[in-house]
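The two complexes that follow have subunit A in common; it is paired with subunit B in the first and with subunit C in the second.
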Partner chain A sequence: MVARGCGGVWRRAWQRGPGPGPGPDPSPRGQRAVVCNARGGAVPAGKSGLAPWIPVVGLEIHAQISSNSKLFSGSQVQFAAPPNSLVSFFDASLPGTLPVLNRRCVEAAVMTGLALNCSINKKSLFDRKHYFYADLPAGYQITQQRVPIAVNGSLSYSLCIDNKMSQIVTKTVRIKQIQLEQDSGKSLHDDTRSQTLVDLNRAGVGLMEVVMEPDMCCGEEAAAAVRELQLILQTLGSSQAVMAEGQLRVDANVSVHHPGEPYGVRTEVKNINSIRFLAKAVDYEIQRQIEELENGGTILNETRAFDSKLGCTVPMRDKEGKQDYRFMPEPNLPPLILYDAKSLPANMNHQQVINIDWIQERLPDLPSVKREKLVEQYGILPEHSFTLLNEDGLAEFFESVVKQTQMKPKKVIGWILNDLLSYLKQYSLTVKESPVSSFLLADLLNLLEKKEISSTAAKQVLAELWKGEGKTPLEIVKEQKLGLLQDQKELEQICQAVIDGQENE
Partner chain B sequence: QKVSVEVLDHLERLALVDFRDSEGVERLQKAIQFADQLHEVNTDGVEPMDSVLEDRCLYLREDDVTEGNCTKDLLENAREKVEEYFVAPPGNIPLPNLEE
Partner chain C sequence: AVLNDGLRSQVSAALKEGQITPTELCQRCLALIKSTKFLNAYITVAEESALKQAEESEERYRRGQPLGILDGVPIAVKDNFNTAGIETTCASNMLKGYISPYNATVVQKLLDQGAVLLGKTNLDEFAMGSGSTDGVFGPVRNPWSYSKQYKEKSVPKSHSEDEESNWVITGGSSGGSAAAVSSFTCFAALGSDTGGSTRNPAAHCGVVGLKPTYGLISRHGLIPLVNSMDVPGILTRCVDDAAILLGSLAGHDPKDSTTVQDDFKPFELPNLTDVSKLSIGIPKEYNAPGLSSEIVALWLKAADLFKNAGAKVVEVSLPHTRYSIVCYHVLCTAEVASNMARFDGLEYGHRSDKKDSTESMYAATRREGFNDVVRGRILSGNYFLLKQNYEKYFVKAQKVRRLIANDFVEVFRSGVDILLTPTTLSDAAPYTEFIQEDNRTRSAQDDVLTQAANMAGLPAISVPTALSEKGLPVGLQFIGRSFQEKQLLTVAKWFEKQVQFPMIQLEEVKRHDSGVFQHQKSASFS
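== the complex of A and B ==
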């Protein structure tokens, strides 16, 4: 027997517990309480007049932890750096190296678990998940398959019915678990030279995998849930969750079934690069499965990739049948023990202790709480607060303007959402990049409030301010003579002049 | 009880261990028989131990950047490299099936 890779040591095959894995969900969970509401009901019957279909969507989300160094090593976490410059010997899986857990990553996972109403497991374990790929130098990923750090939570998100902002519905998706795990390196495929270039900068970066139960039923729900999770992560600071930089990756599990029947075979959809594409990919896959089944076909339990150019899902290459990950306990890491106020050990070094209650007390206001506070404090509508929080920095901008102006918040909000936001969108700018600062806008609104200009004039001034030439609203008003004349005598003189002019014709 | 060809094939792919001849397969079967003796122990109600470290404290490291920036050292052992990238085959090369 010649060992061609591992040391060949026999270990008792350790049983795989529940978790995301291949194979359809065997147990029918009975009737689902929630049926897709976004389009007004379950997907209607197909051409052949069959019974309606209920789509089922679950999500596996990987969020990169916002930390200075990696999960098990001291190399830096940074997007875009020279290849293989942020790699330690451990990350490259050189023999003799061992994992050392990063405290900040644990705190990030606990924060996230608490924010998602999870039970935090005071004792969680690390495992090895084995598979061979060039960007996984060790041949296994350290993850938490048996006992993850947080379980059984929930996430509430909101949807607009029929695309009208006025009707908002709140939905909940259950969070099955949150686990800490390592990210893999990056593979750049060079098909022309038939090779793969491997950059290990990302290998070993800490990830939180958030598993959402299949409580969603369409692309819109999935997108809304992920958007809310993104906002929560950004508020907590546990992840910057920018999808474009790969800090938030979403895989969707999709299946369809008839009401009253067991769940159908599910497919996994990967390679989704934005929230918009997530909605498209899920909806396409639901449609594809329905058509396939109505035409008498079957659904394969496979992994499919979303092709954003074609707007469809295609079977993924390089997937060799069912994977056997050979999960085993990570022998180099003892269990992770977390404490709370009651169980805090007396004689331990502070730095070695993570206190769940201490973290809970310091959680910032979550987006849902922030929205309520905005509505309460400023008397704006719920859908306004949604838009404010949906745009990075917009809520702060709004509050800043309100502080600097006498105009009522209910009137200010119109200027923020209709005028400012539409300008920003038109020129694809973020709030931070706005040439009109909160100070300038407040200045302008004050002129309007004092009735020194009309609201039409104010819009003209704003258009001018947008050029960012450094003029103040007052200067622009004077330049373009937009001021409302208040002086009675001056008005009389002008009117008289016009009348006189008419008489001379 | 013989190990089937399917299982041998599966094991080869999983562990990249090469069973070259019938002697290798024989060794494997003897190893399984040896390990099966474990079944004779009654473990009802006993929590499995994963590691002798289970009562140790898991050390938590501060989130400081202390490593990295050793591209040259890392690439020194690479047989092939392209501009500081490691070079690998285009994808996993599927193993041929065992014939028997």
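== the complex of A and C ==
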């Protein structure tokens, strides 16, 4: 679908290139990142040396629900499919079409709500949120503004103080609500031809909007909270939560105030597409606000975009006018009723009801529980359990190696974290893509454990294994003669040969 | 006399026995559509596909395997239902030329049962109106304007401009469907009913207009006016036929989440002989300002008819009825504002040539695509939905809606079975008179007796009752309990039998079906 003559007008935050605004030179601020206050303290005063500032950070996170079909239509959900190939009549908002709620999306939201300690509303409602936009074909988005599916939860996350792995602090952020809503399509702007291309493949895909209360106070906290949420979603399978593919989108609400004073005017920072950039964007915005205020300026209640190239936030031109979304109840969807074991009517068709208790009983171990189990079972350090879970598949890799070797888990973890992980990082590989399988690594560690090679030699073998030439550790050891000599006679002979050589000189 | 008869007893039987073939029947209807073209009842006549469907039906009859009562029966559909392959315009510039890729569920159901779709009928733009005068294809003329009965009673002025100035409106917004049924161009038609849009034109055109319970018939494919009140409406020439159509359309639709899950069992209407166990309620608030004395008299007469037959007739009160107009106005415009947001010129429909910016393209598209009535409702609806107004108007209107619905609950709980009310304030107005007032005023006046049933979601039916002094049809309305269509229609059928509403006497029809007028019925009731 092509809409002509609209160049430069249809703009969406996360697709925007370098912003048009007067981008301040970001370098000095970038270097002077906000002192993180994992201990919950205030940021020291700026230049003026007056009262300290307390930054306040809240997050709105959109997680795309992992589901075969869209929230209200039977269209498939698929990343990077040919444009407009996954569009039903409803998705294109053809007149007369009606929404039909996707059960899978509801279950995913209930699961997520339970995992985030929310109370699940047995009755939730859908609303229409109106705004005109090329990739919003109906002119409104169906969302849950009045009564969302889950409310009043919490999320515990951990972060290290001053970048020392040994000092882990656990914090909690309150979850205000989780609401089900539709995703919009995508607009692609061709400025040279002055036209906008609309792709509706994404239009109507189910989203969970997770609203986190402003309980965080720096970029690192925000990043840690989002990372923990991401792990939970991936564990549940309720979202693939890959930020690079837009399955997890984070908007940050940032303000600063002095102790004892009410919260300052907040800005909303959008266009954040990685966790690393989230930390940067939040810290930049906190610093910007502090400097603005200390220079006698004021903070505007505005939406700003994070420019990852410049490392700064810039005002978004198209969001300047305050929108009135003219919310109203969605009349085509009856209230969403959920049941628990107690309220479940006996004669109800199971296909037609969702039982919260049933979902609760089947929740998988959440990351926090998995970490505890790892620490308990293998005697590894808590901080190691974090690293194991942070890399997709690493904990499983570790457990698999442990199962196949006699080496103690405490020693295995060192090889996993120091050697394997640094290799993976160096070559930007995921655990799955590792040329060294858990089997090979276990083999190698067994050689080491049986003292057939030294640990220096083991590292050499690992380097060789990394080439992925299909050799076993033993073959490499033999080829390169890296084995430790255990035979007394052979050793004596070698020593004698060396001494003889000396004498001859 | 096939063109005029009930579906089950006559048409279906005639088709089965081969007295007439589906193709012949279809051709007769198409010819009649042509000769009554001046009524402007149809926006699109789907001659080619209709004849093809008739042919297929004929084949089924030939094999002795018709699909049911509706097989081969020519029907018409209001032009706000999606029909695959046939233009769906909503009588708006916005959708002129728009061909939907899918059939509305109700259309699909009719086709699946062998009905022959003759075409799409005229309406007020996007069904917003009560006259069928405000569509982009021009007003619909009431067939009764050309009837012998009306011509005899209306005082002739000068000969030439007589008919031109004297023709009366059909009511609306389903005026095209009502006119189509009334002028014998089809045997049944689909309308839609949001505030009375099926019952009002049915009353003015002397046909039966049924608005079923909300949630009984799928709205999927009906281009919405007010989602929470819209119901596909049924227009037929007798109550039995309405029951047949209802039976073929009702039931859960997975594509419409607001349809009820319970199975619907089609029913045949019994011939009621004893009404003594019935309790008929006469809501006093329906003696509304502007109700013509003629209609009041007919209403009372109908009540007496029940009383004399042994039914209990009681005056009841629906105290919140008087707030219904203003309440309806808020809820209707709010949903209209929302529903119309999709018409932005991008995916389908009209798109303006104006290209200065996206916003100016939107604005010009909507300015060019919608008439004043639609734009006016969008404007007020958006006003009511503004954050600062939402509580004050929308939420309050919803509360009032609940009170109006509760009024009915109370009355039915008190033992009343059916409510009897007028359908319209008066008989149909001449076009020239009708357009003296704007659409909003007209709609507010005309919907007053019908819209409460939409607010409460209740089934209601308008039954042609008598001719007015001017020789125009007058209908009375029965309102029943939710999902009690069978009871409602049974009572309506009894009433229909009592009043013996006269047949329209149309020259055009006479020419096509001379049998019609062989047994002249008289207006025995008035």
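Simple rule for what comes next: the second predicted complex is superposed on the first by the 465 of 505 C-alpha atoms of A that agree within 3 Å, B and C clash if a C-alpha of one lies under 4 Å from a C-alpha of the other, contacts with A are read in each partner's own complex, and residues count from 1 in each chain.
One rule holds in what follows: a residue touches a chain if its C-beta (ideal position, glycine included) is under 8 Å from a C-beta of that chain, and two chains touch if they have at least 3 such contacts.
Just so we're clear, the structure is a prediction, and the values are computed from it rather than from any experiment.
Judged by the touch definition given at the top, the superposed model places A:132 against both subunit B and subunit C.
In the superposition on chain A, A:102 makes contact with subunit B only, while subunit C stays out of contact range.
In the superposition on chain A, A:338 makes contact with neither subunit B nor subunit C.
In the overlay built on the shared chain, the residue A:140 is in contact with subunit C alone; subunit B does not reach it. Counting the residues of subunit A that each partner touches, subunit B and subunit C differ, and the larger count belongs to B.
In the superposition on chain A, contact of A:93 is made with subunit C only, not with subunit B.
By the document's definition of touching, neither partner reaches A:252: not subunit B, not subunit C. Look at A:388: by the touch rule set out above, it reaches neither subunit B nor subunit C. Once the two complexes are overlaid on the shared chain, A:286 sits clear of subunit B and of subunit C alike. Once the two complexes are laid over each other on the shared chain, residue contacts for A:67 go to subunit B alone; subunit C is not touched. Overlap of the subunit B and subunit C interfaces on subunit A comprises residues 1, 3-6, 10, 89, 92, 100-101, 130, 132, 134, 196, 198, 324, 326, 331-334, 352. Interface of subunit A with subunit C (complex): residues 1, 3-6, 9-10, 89, 92-101, 128, 130, 132, 134, 137-140, 196, 198, 324-328, 331-334, 352.
Put simply, subunit A touches subunit B in their complex at residues 1-6, 8, 10, 12, 67-69, 73-76, 82-90, 92, 100-106, 125, 130, 132-134, 187-191, 194-200, 317-318, 320, 324, 326, 329, 331-337, 351-352, 354. Residue ranges of subunit B in contact with subunit A, taken from their complex: 10, 13-20, 24, 27-28, 31, 35, 38, 50-51, 53-71, 74-75, 82-92, 94.
Chain contact summary for the complex, subunit C toward subunit A: residues 81-82, 88, 90, 95, 100-102, 104, 219-224, 226-228, 254-258, 261, 334-335, 337-338, 340-344, 346-348, 355-359, 361-362, 382, 385-387, 390, 394.
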